[in-house]
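Since the structure comes first, as structure tokens, the remarks are kept for the end.
We call the chains A, B, C and D, going by the order they appear; numbering starts again at 1 in every chain.
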Amino acid sequence: MPDPTAEPLGVAVIGYSFMGRAHSNAWRNVAAFYPDVPPVRMRALVGRDGARVARAAAELGWDSSVTDWRSVLEREDIDIVDVCTPGHLHAEVALAALAAGKHVLVEKPLANSVAECEQLVTAAAAATGRALLGFNYRRVPALALARGLVAEGRIGTVQQVRLSYLQDWLSDPGAPMTWRLRRETAGSGVLGDLGSHAVDQLHYLLGEHVTRASGTLRTFVPERPGPDGTEAVTVDDAAWATLHTASGVVASLEVSRVATGRKNALTVEVYGTTGSLSFDLERLNELVLTQTGDPRTQAAGTILVTEPEHPYVDAWWPAGHVLGWDHTFTSQAADFLRAIATGDPAHASFEDGLAVQRVLEAVETSHGRGGALTETGN
Amino acid sequence: MPDPTAEPLGVAVIGYSFMGRAHSNAWRNVAAFYPDVPPVRMRALVGRDGARVARAAAELGWDSSVTDWRSVLEREDIDIVDVCTPGHLHAEVALAALAAGKHVLVEKPLANSVAECEQLVTAAAAATGRALLGFNYRRVPALALARGLVAEGRIGTVQQVRLSYLQDWLSDPGAPMTWRLRRETAGSGVLGDLGSHAVDQLHYLLGEHVTRASGTLRTFVPERPGPDGTEAVTVDDAAWATLHTASGVVASLEVSRVATGRKNALTVEVYGTTGSLSFDLERLNELVLTQTGDPRTQAAGTILVTEPEHPYVDAWWPAGHVLGWDHTFTSQAADFLRAIATGDPAHASFEDGLAVQRVLEAVETSHGRGGALTETGN
Amino acid sequence: MPDPTAEPLGVAVIGYSFMGRAHSNAWRNVAAFYPDVPPVRMRALVGRDGARVARAAAELGWDSSVTDWRSVLEREDIDIVDVCTPGHLHAEVALAALAAGKHVLVEKPLANSVAECEQLVTAAAAATGRALLGFNYRRVPALALARGLVAEGRIGTVQQVRLSYLQDWLSDPGAPMTWRLRRETAGSGVLGDLGSHAVDQLHYLLGEHVTRASGTLRTFVPERPGPDGTEAVTVDDAAWATLHTASGVVASLEVSRVATGRKNALTVEVYGTTGSLSFDLERLNELVLTQTGDPRTQAAGTILVTEPEHPYVDAWWPAGHVLGWDHTFTSQAADFLRAIATGDPAHASFEDGLAVQRVLEAVETSHGRGGALTETGN
Amino acid sequence: MPDPTAEPLGVAVIGYSFMGRAHSNAWRNVAAFYPDVPPVRMRALVGRDGARVARAAAELGWDSSVTDWRSVLEREDIDIVDVCTPGHLHAEVALAALAAGKHVLVEKPLANSVAECEQLVTAAAAATGRALLGFNYRRVPALALARGLVAEGRIGTVQQVRLSYLQDWLSDPGAPMTWRLRRETAGSGVLGDLGSHAVDQLHYLLGEHVTRASGTLRTFVPERPGPDGTEAVTVDDAAWATLHTASGVVASLEVSRVATGRKNALTVEVYGTTGSLSFDLERLNELVLTQTGDPRTQAAGTILVTEPEHPYVDAWWPAGHVLGWDHTFTSQAADFLRAIATGDPAHASFEDGLAVQRVLEAVETSHGRGGALTETGN
């Protein structure tokens, strides 16, 4: 139980579109579900367009809105800076916030290049504030349960993993050009956007990193209609990789934006010597566990991950009341606040973000080398 | 292993439409999958239309075809009479066959009335031949497994059961009149046709009978286009019942021919004090088992019932190779032949058929009494 | 867009356990997701235990806590009274709040008897404030979509409906006595608790009421261990009913607290002449739609109800990001606020609550009459 | 309808273990379900062990058993030679049978090397008899339906395909050595055994071939207990590949014998510009079809592929009665007999078998080259 007389921790979120909204929701609700963590005060929402950020701040429950993100670094009443900008700005903002002594939460990806990620890791190690990387799917109860079951040896020694993250908003070749399809604005295509989540899950579930990777990228629709006529798509629509860990696990990875009918299908299958696990984000509250044993009753067991014994669930509703996508951010905020209060480690760390970025770059390198196996540096 | 010098048992099947075809398939294949049972010889297929039955006999692998069913009762080379006629003829044929000393297999339902069923039970008890009632779903491996699991106490004491059997070929109010919708030809509607399977499964899975029942019938479409203009439908399109067993189990039953999208959905859910089972005939190779225990891993476990350890499966293909609907008849034939050879009990017995018919009539009686609870006589 | 200069509507919630928490969550979040509705201010959380309600108020984001519910009726800064007390207190509180001119939201059930419900309907009709009954599942996007599809005729004329609501917290006969198992404190058993949701869904989906019902109740475990030794259970563990609407639809209803493995399984299947719908609350984001047509491609189609075109979804996250149980309360609060602002009708109305209560009482009456069909009065 | 006065075609099957049994089942049943094709007579079952093959022949319905496979090539009463030997003997037997003027059915794989496959293609082109390669999954109704839907453009232009074939009989590192794990007896590991089915499905569904491939093989357990102590496993336990077709489709392939909990899971997902299809052999009677359109009702539609309008189904049972694995062989036999009677093309052709073998060898070559993209020669 936090000290009720303590000042709440002041929070600023930089960015107010999709991710800024999801993070605002987390800060607004964390105290209600996690009363044991330090209280927070939603001090400032930051955005470039003064009128729009002011309106968003009012709707989302912020005390104020700000247009200059650097100004919040100077404020004494702001303890936590939560970076929800586009990925290519993560490094600049997070480095400055760490330098200013703030606790820093960065929405994934950590940054768009290994070089930037390395800088951020170094800065976090030297900083007085805590650093957290927001791979929110680590707080999906079913995936946290999966990690626990793997760690306990419930499925034996893991040998093979299947990862996919499939969406379909580019299935239609006539779908228009967007900034997400230009390398200069997006940094990368589906490999970075969705593949990063999948690779982080692999690291999270196994507790070890990918050391070698081979892969292929494909842009199925090389040109799309833009505002000024046909324009070249300069990022990938889909990617495939084979990933090898130090201990010998082999994981396949497939990510796509043209998988018609799949809306947000992060799927994970983990095969061990005595069992297996499978998960699909479109059924966020379920985990399928198979364990070997009596062949008469061996089964693919669908666990409804809504019991108080399951990770994070006890904070929420009674058994059987399913959670949604946004709850993961609230639990993430709680974990971060607890880490700030206790000094205990928190994940995903910036090192975790660097490890993911190394894998993504190795896949791209492999693609350039005709699919040849490539060291990740992890 | 049967004595290879023994004469094979001669078989005649009466009827060559849907059920006659399914039973012919069983006799044609039983030796290949169950080499331990007495061999059979497919002597005669019986039907009224000489040309059509001759052609069917040739296709289905019979030695001969016959138009007078009584003639096969007199033949010494015929040991088994398999009755696949319409239900209202079951009693007459089966009684004559038993009187002639034949082993008799009757396709479900045993007969269309309790009175006829009682006659058949009496005759079977006095007969020298063996009698078997063909509730083929007792040979679905998943349902036989379910029965075993219930008997072993794997789900504790059963308290509540949900049964449904849903089809949709009458969903369209414009679907034409058929003989199945006239009481004089069909005997009953969906309650008798599909409800009989469901009630037999209840008896089979629990090992006890329904003693009291209440129920409702409904004909959603009271008139349908017939060959001579609009005609009254005189049987039920759907029925609902609440069934009580001697030990206190309550089962709900719902059967329908207007359940759009359900093609052949016999579903069974059995809830016990420490577990539950569920089954859907449209996924014939699967059984879902839940067992209480560690709440972290309690799951609805889908068993793919294709392992050699599962009932009947060892006779067929290696693990993972799914079976179909018709395999149940072949396994039923094998069980019957084994019972003939050993003298051991075989099920479903004619008593089992009588017990089902009593429940169906109690539901009809209850409907006539405004839904009031009615004794079945079991 | 609401007038930004307007005073926000002041809200008080009476009760702070499970439902009070769920409603508090709704009021805390409604502005963030529904910026078009009038703003609210969370003025007071009401409870009997001063220390505990004070702490809950702090956690849940309330301005203050109050121990005397009558005091909030006198406050000018409170416009909306949200009644989350146990059901037997609903009538008293809601009647007083309506009399005081407040807008009143009552958590389901409206009240524990038809007589009380009738009083509330009368009072609501005469009141200056708006009245809403909180059947939150009306705001499950998949169920709201289902209602829309039925209304548009996408599945033709509805003939048959299957409803169940299954839980399992009483499966174990050794589970202890609680206030929920005593008639004097709980009012009723599973029929009232879960059956009310199912019956309201039936009314909601069909747009018509149940006029006749027959049913059965059962207490599987008549005595349970209490604090002072064995105690009689005086409410039902399970119930079954057959429900008939004015237009001729027949619905089956099965509710249970002993359905081992089912945690919160409200299932709805609606069969029409040209299609069907099915839903399971444990997969809250999915709706299964079947439509007749080309038999080659007729399918049970699982819709992931997370598109902006789906009801309520546009207020939340981009396509493919699943919602949870609690989001329904926030959407309900938004609908209520919009109704207050516009004067348009809002549902569920108190009449809707009365209609449900009539059905539940008819089922109980039918049970007492041996299952005989009983008029509901709707 | 075949000429009833014609002599039936005489058949011999070479081999009587798993595949010999499955093919015998097909010949025994083909006339019953496909009365329009030429009748056959089961003349001879061939095996090396005289006593065992004699017993198998008796059980499986053969007229006789033979120990010298060459002798059946000389018999005038044998028209069809069905090769169910181990794969490394396929070429020798099939070449001799073609040279003898027989119609030849070869169980997959066509042969164990591209060189042998090429010989067989040449021989088949020159032969007077018909040649068919038994990729039985082409006769799974759901997959035949999938091919039809793709060909009709129901899912638009195919862009991406996901293929897997997962089993688990080697999950346990302690599972013993068998002949299947030695290269000299098995030819290859899981890539050849299961990958061949998956690659053939890809060719079948798309109507085009894989022209380039990259891949990886892995033997997770390099040594297993053998009869004479620990022995090296010389084939792969799992394999991964990325396959490219001439038109630009990219398919991923994953095959494994260590995928704990997967018994016989051939899964196929086909993503087109306006729809997608998915299939799992463990649910053989189902095909999932998604088609873009109204976003409110876009759905993953599970088709129960048991309607008379579906491929092959009309030959079997009424709608809703599911088929099993073995029915595919009977339908394959019917297609072969029809091709013999009509002279029309039949598939899979020996060319189809060669095309598959080329892909498998390209994957092995790629693995040896560190995963580099490799031409298949198709």
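Brief remarks follow.
Here is the rule we go by: contacts are C-beta pairs under 8 Å (C-beta built on N, C-alpha and C of every residue); 3 or more make two chains touch, one makes a residue touch a chain.
Predicted, not measured: the structure shown is a model, and the values here were computed from it.
In terms of the distance between Cα centroids, chain A is separated most widely from B. If you compare A-D with C-D, the chain pair joined by more contacting C-beta pairs is A-D. Remark: chain C and chain D have CA centroids separated by 54 Å (rounded to whole angstrom).
Chain centres here are Cα means. That of chain B falls 35 Å from that of chain D. Centre-to-centre separation of chain A and chain D, using mean CA positions: 42 Å.
Counting only residues that touch two or more partner chains, chain B has 298, 300, 304, 307. Residue ranges on chain D touching chain A, taken from their complex, read 155-157, 159-160, 162, 164, 168, 171-173, 214, 216, 218, 220, 238, 240, 242, 248, 250, 252, 254, 256, 258-262, 269, 271-276, 290, 292, 298, 300, 366, 369-373. Listing the residues of chain A that touch chain B in their complex gives 145, 149, 154, 288-289, 294-304, 307-310. Contacts from chain D toward chain B in the complex involve residues 4, 18, 21-22, 24-25, 28-29, 31-32, 35, 55, 58-61, 167, 169, 263-265, 281-285, 304, 306-307, 316-327.
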